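The chains carry the letters A, B, C and D, assigned in the order they are written, with residues numbered from 1 in each.
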Amino acid sequence: MDQDPVVTWALRMGDNALILGHRLSEWCGHAPALEEDIATANTALDLIGQCRMWLQLAGDAEGRGRSADDLAYLRDAGAFRNLLLVERPNGDYGHTIMRQFLFDAFHLEALEAAEGSTDSRIAGIAAKARKEVAYHLERSSDLVIRLGDGSDDSAARMRAALDALWPFTGEMFVDDDADRAAADAGVAVLPSSLREGWDATVTEVLAEARLDSPGEVWQQGVTGRGGGRRGVHSEHLGGLLAQMQFLQRAYPGARW
Amino acid sequence: SDQERAFQARIDRGEKIEPKEWMPEGYRKTLIRQIGQHAHSEIVGQLPEGNWITRAPTLERKAILLAKVQDEAGHGLYLYSAAETLGVSRDELLEALHSGRMKYSSIFNYPTLTWADMGAVGWLVDGAAIMNQVPLQRTSYGPYSRAMIRICKEESFHQRQGYDIMMKMCSGTPEQKAMAQDALDRFWYPSLMMFGPSDKDSVHSAQSMAWKIKMNTNDELRQKFVDQTVPQARHLGLTIPDPDLAWNEEKGGHDFTEPDWDEFYAVIAGNGPCNAERLGARVKAWDDGAWFRDALMAHAEKARARRMAAE
Amino acid sequence: MDQDPVVTWALRMGDNALILGHRLSEWCGHAPALEEDIATANTALDLIGQCRMWLQLAGDAEGRGRSADDLAYLRDAGAFRNLLLVERPNGDYGHTIMRQFLFDAFHLEALEAAEGSTDSRIAGIAAKARKEVAYHLERSSDLVIRLGDGSDDSAARMRAALDALWPFTGEMFVDDDADRAAADAGVAVLPSSLREGWDATVTEVLAEARLDSPGEVWQQGVTGRGGGRRGVHSEHLGGLLAQMQFLQRAYPGARW
Amino acid sequence: SDQERAFQARIDRGEKIEPKEWMPEGYRKTLIRQIGQHAHSEIVGQLPEGNWITRAPTLERKAILLAKVQDEAGHGLYLYSAAETLGVSRDELLEALHSGRMKYSSIFNYPTLTWADMGAVGWLVDGAAIMNQVPLQRTSYGPYSRAMIRICKEESFHQRQGYDIMMKMCSGTPEQKAMAQDALDRFWYPSLMMFGPSDKDSVHSAQSMAWKIKMNTNDELRQKFVDQTVPQARHLGLTIPDPDLAWNEEKGGHDFTEPDWDEFYAVIAGNGPCNAERLGARVKAWDDGAWFRDALMAHAEKARARRMAAE
């Protein structure tokens, strides 16, 4: 485990952005409307941009000479620190939107808090990313509402998506030793402190979307040895990385 | 008729025709076909590049490719909007695409097999597209002309990015250089085909030229493309896969081998390496997305009803 | 291009077996009946076994010290020599069976002819593989007949599969320079000479299955620069190899 | 009743009960549940390994893994056949699996995350399975006993192959060794759970033991498994993730930490990391394959009608 809380924190943020950006990019050319193709690519682009900043910070803070690309392309699954939520497969477009909304609501809270980090690099990246993510949340909230309160079919799909994804939301708010170290150092706030803001956003949007919150259900990755933030992922991440990292793995040292 | 003569006179004077103004039915139809086909090409054109977004070799390349594909979707939007000013809806155009009545550029029926293809597509395919599109900035139909101006600006950016990928590959490892040569080998003739059949076999051309819907002949543009591309290939250190390519001092341009027009017509007829995949992917996206589009309409209707009830 | 006709021929046979074996293995645990899970795994297993023999022969004949594993795991798509047919995605199970049948009928002809190779290594491998492949063909023929002459739904699926795959059968019978070199050396017969036997088998089985042959349609990979046997594949192969080769690429030099 | 006493006497004498013979309804039901669950475990158990067949690192490993998964499907067949002798069809059992009324071994609800997991599954999961199954070769129901004899032979082969993978990983690069340790860390407690809850919390056990459907208590088998596995882990140079693990001279076995039974019940209740994927994959395979099974029946019916018409 990396000791410097800045490294851990930046990896977790960067990996979330990388993996979710990758998932979104799988929609390129396949979205249900041209406007959605554009918006999804745009969100993916923002996330890849943020990923580059976070992973570069992680590499710098780590001091082992690893670039953002090294971190993205040359780590195997067990070294990734993203949430299980963002590696979930896309499902239908409603599922993708629901995943985006649940993450965006967390992402915005995390970035707003991170603007107050004692580490100026973190604060700086967070301030840039926050503006983009505020827009992501605005967009995903709007779509959750319109699809949840749309047709019978869309309402059923959004309910199914919510039920399927809800067990992956708990992981966002679990404090572990690395989080406590980061909080002690003033680098970041405790994940648990973000819960209240997230709850408020989610409750409001789901109400407007006429979707019932699944409430207290078993949460993945929060007990035992599990959880993406600790490097224990689902089977989905391995397949994703096999694609993503192919060229860097097959042509080591080449420049592109 | 007098109306038609007056219309042609306006075009000859270089005036722009605007949506609400009178125009011959043939002008309208030809424009719808041409703009629609161009719009379809933009959205189908996302697919061969989408194939490599998930495997882009660096984060920067991934971002650039994402931005490019996003631009293409944006171009599709401009163009469908331009077509809509002629009285055809985007959904009607898409229906025509999905049923096979309308085409998209055949180049997208070729596969992208290595990362160098992302370079070749930008360099050659976008290069050929720009060659076609730059003159169309001066086309007679106002909305089309304005769409072209926006599009050309972005396309030339894409072309430079493609060339930059080729540069990196050609100055890289021997394997990368070989990938670049292989990409050129595979995309050269299909790129030449992008200008359409030889003038002697081209239909509709004379009327389209008079209407300034088409600004140059296919062969003119193809020649220009070859002459522009040959030195670029040389600069990359790549060999154009045409043993008969040679500078012709007399005509001030290159002599070159025509593409295999049988292949061209076979691909248009649906027999290219990827026709079924490309059209299938678009139809699937459309069909799978029906519930989504329906839901947004249902929501809008509900919201409207609620507003009215509240008034 | 490899000069030794034995190398080229063994690579083409080995790559066919490898890629089709891989495709079949994607069905593991997902087939429509337990008996099919077993039979499909069994066919995959035979093909992987044959692939090992062919690729080892290719490596030996090449004399550059490459093992069968090196050839399977460390070549990129452009160096693979398999037919486009065997890299087609699985589709539904009927599609998989039709692909298998069209290939088996060719495979058996090719192996029977190869038993008469002047190269004793080729003849030896072919004799072993032929027995397995005779059984593959028996099984896939039987299923094509039962599904083609089954329900209305299954007949429609098998017709669709036949139409979709037929354009990939022509590539099996095209003679190129490497084939002519192999034939001249007595290493193998010309692919074109296998057509008659294949036609007879396919015509008979399709008739019994009450499926119309699609007849003369445009064939993929036979003109211009295309064709899997010459290393110009479909987009599907790259994705397949990214999965297949991940561990060897990510952990170069490790032994497993 | 006299019948029941006679039945129990036969069992006590070590006689085998055969399909057509009288048996208590509870005996039949318990056997159906136990054999069916075991059969389901074999077919669901294909999935975590199927996840790595396409990524197996050598051709030999790929072949071994394919053969293993094929064996598992074969075991599923034997077991469904054994269950069928009790008057329940394979389709009925599958329907019960798909609807969630019947379970499969919870171990398969854990993901396989690295190649070392293929080793750990063989070594630990098949190892635990064998520990459960070897005594069942002497179970009172004839068809079940005979199925177990065939299965145990193959399973012990699988276990050796799994251990062999672990050996290779542990003698490989530091990264491979770390993967092996990580696999042990993740599979240790779930493997201990495979023997079921502690005897004090186990239901039905006494009756099943009397009927020789269950031959040992859960805790006995778990202890045996720990005692067998500890030296194997030591031989691999791996550390079992239990700081309180220690040899207890007095009892002649190891003391060890119990698994987290809350987790055990949560996974059984459907909340393991992969429950939804595993059951979803099986239901999808079944639903997607309906046309195939229907077609084979339709063909058989046609063939029968033709034969009759020809007679």
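Quick note on the criterion: contacts are C-beta pairs under 8 Å (C-beta built on N, C-alpha and C of every residue); 3 or more make two chains touch, one makes a residue touch a chain.
Because the structure is a prediction, the values reported are computed rather than measured.
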| item | value |
| --- | --- |
| Reference chain A; chain at largest CA-centroid distance | C |
| Pair exhibiting more inter-chain C-beta contacts, C-D or A-D | C-D |
| Distance between the centres, which are taken as Cα means, of chain B and chain A, whole angstrom | 35 |
| Centre-to-centre distance between chain D and chain B (centres being mean Cα positions), rounded to whole Å | 57 |
| Chain C: positions in contact with at least two other chains | 76, 238, 242-243, 246 |
| Residues within chain D bordering two or more other chains | 55, 175 |
| Touch-based graph of the chains, sorted into line, ring, star, complete or other | other |
| Residue ranges of chain A in contact with chain D within the complex | 76-78, 164, 167, 217-218, 220-221, 223-226, 232-235, 238, 242 |
| Complex contact set, residues of chain C against chain D | 18, 22, 25-26, 28-38, 41-42, 44-45, 48-49, 51-52, 55, 68-69, 72-73, 92-94, 145-147, 149-151, 153-154, 157, 243-244, 246-248, 251, 253-256 |
| List of chain A residues in touch with chain C within their complex | 76, 238-239, 241-243, 245-246, 249-250, 252 |
| Residue ranges of chain D in contact with chain C within the complex | 43-44, 46-47, 49-50, 53-63, 66-67, 69-70, 73-74, 76-77, 80, 90, 115, 165, 168-169, 172-173, 175-176, 281-282, 284-286, 288-296, 298-299, 302 |
| Residue numbers on chain D that touch chain A, as the complex places them | 48, 51, 55, 111-114, 175, 179, 182, 185-186, 189, 260, 263, 266, 269, 271, 273-274, 276-277 |
